[in-house]
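Notes follow the structure.
Order as written gives the chain letters A, B, C and D; numbering starts at 1 within each chain.
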Amino acid sequence: MPLAPSKAAGLIKDETGAQSLIGYVVDVGGGDGCGRCWLDIGPQHLNRHGMLHGGIAAALLDNASGTTGSLSVDASGKVPFLTVSLTTQFIAPIGAGRVTATGRLMGGGRSLLYIDAQLHCDAGRLIASSTGVFKKVPAERLT
Amino acid sequence: MPLAPSKAAGLIKDETGAQSLIGYVVDVGGGDGCGRCWLDIGPQHLNRHGMLHGGIAAALLDNASGTTGSLSVDASGKVPFLTVSLTTQFIAPIGAGRVTATGRLMGGGRSLLYIDAQLHCDAGRLIASSTGVFKKVPAERLT
Amino acid sequence: MPLAPSKAAGLIKDETGAQSLIGYVVDVGGGDGCGRCWLDIGPQHLNRHGMLHGGIAAALLDNASGTTGSLSVDASGKVPFLTVSLTTQFIAPIGAGRVTATGRLMGGGRSLLYIDAQLHCDAGRLIASSTGVFKKVPAERLT
Amino acid sequence: MPLAPSKAAGLIKDETGAQSLIGYVVDVGGGDGCGRCWLDIGPQHLNRHGMLHGGIAAALLDNASGTTGSLSVDASGKVPFLTVSLTTQFIAPIGAGRVTATGRLMGGGRSLLYIDAQLHCDAGRLIASSTGVFKKVPAERLT
């Protein structure tokens, strides 16, 4: 079943090398200001315990958070933000299925934003969470 | 020039799906108790700024730290540790070349370890750093 | 107006040296599993910017979190938990009035708990937040 | 034995309400760019376990870090920096004696600095460590 255009328009795939490598999908179409990032877990995402690798969980949380920062500027979700610092809590293991990271803007000012994110499995269990500091890329560095 | 056997014996490649996907190499042969993990950066590791993706930097720091935990038990570097929490500071961007994460045991007890790690480029610049809490996997969970 | 007995019974004051020094009040009577800790800001709590000192904000968040851990065991709020790691985000400054930290249990197992906390002013503004790892003190260390 | 003048000139006491309350001393006279902050532990600094309260340990690490930021600008150690985020690892308990926090500049740019700090007891044991993001207060906010 094809996605409705307004929904599909909010999905970002294969934008970067890392995104193609890991295979996650960014969703900026939630309409609630929260960036989302999901991944269908495959064997290539597992650590030596057969569970989702912490670095990949961190990547999903980081992407959802950065996208949330972008959405605070405009609806494209593409305004660039840099991650200054990210703390990730690895709360429960997961070895298969889809996981979705959802960001939430907690505060900040013109340049720095505080953004939290949570990674849930489809059954609603909290897998990991993060809290981070993000910085809007200054305009002079974009030219 | 081939690596000396004792050195090559300390390298761990393609042990897990995530390791094969990202392409990093784990080195437990330093002889100093510090786990290492390196990556030759390619286009598949870059974010939308054309720089090493933060999630991949976090994965390298996480692996070097967990390996350092393992090395505190025995020289195989394979005793399993779980990451409880990891804080990553993204200090400088890098877009190409080799980066190496090196872990360092800071303290802890029977079950929990505090491990820091630093990610440097070959020119010696500090790219990112982390501080984390790691937990030895209880023996009853390994059977 | 006097507090209802059940409410007053949930307040803990001057239990420790640090609590008396700083002057915060712990409230375990919320009935929702969330430990709380409040402080009426005075000049003795301010930093060189004339704002609530970050260390004191961290102390309030830490106490609310540890109390939340205790409340996950029993309603006394006094079962001892140690702080393993705490990440604090300093979101907005505040120079006067009452601030209240509220903890929330995010996950964990028999020994380790993941607990977040938020510090709000009476007007409802988010002043600071934290995410931390807490460890139940083993029974053998309490005798 | 009196301190040498150049040394005593580097000590900052009772500068703020929080400093007087807690009783720590800031030392900007190390000459190595590292801010220091020490405290002689008394009963007023203890938690319910009879050990140094985590919030006070965090305050010492925070102060040593912020002072290190100031020292990166000039030798007065008084240029104001705000703490954006601070992660503290509570590595070992301590119940008496002097503890000293020492900051170390890890990187950063014009506005944001990454600063680590370690808290040691006089016997040299690592009690706690921190990693944080600090922001130089913009000049327009100082007038």
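Definition applied: a contact is a pair of C-beta atoms (placed from the backbone, for glycine too) under 8 Å apart; a residue touches a chain by one contact, two chains touch by 3 or more.
Worth saying up front: this structure is predicted, and the values here are computed from it rather than measured.
> Counting C-beta pairs in contact, does C-D beat B-C or the other way around?
Pair with more contacting C-beta pairs, C-D versus B-C: C-D.
> Considering only mean CA positions as chain centres, point out the chain farthest from chain B.
That would be chain C.
> Take the average of all CA coordinates in chain A, do the same for chain C, and state the distance between these two points in whole angstrom.
Centre separation, chain A to chain C: 30 Å.
> Report, in whole Å, the distance between the mean C-alpha point of chain B and the mean C-alpha point of chain C.
34
> In whole angstrom, how far does the Cα centroid of chain C sit from the Cα centroid of chain D?
Spacing between the chain centres: roughly 22 Å.
> Specify, in ascending order, the residues of chain D that touch 2 or more different other chains.
Residues 84-85, 87, 89, 133 of chain D touch two or more partner chains.
> Mind pulling up the chain A residues that touch chain C in the complex?
Listed in rising order, the residues of chain A that touch chain C are 87, 89, 91-92, 106-108, 114, 116, 126, 129, 131, 133.
> Would you tell me which residues of chain A are touching chain B in their complex?
15-18, 20-22, 42-49, 53-56, 58-60, 62-63, 78, 80, 82-90, 137
> How about chain A: which of its residues touch chain D in the complex?
Where chain A meets chain D, its residues are 84-85, 87, 111-112, 133, 135.
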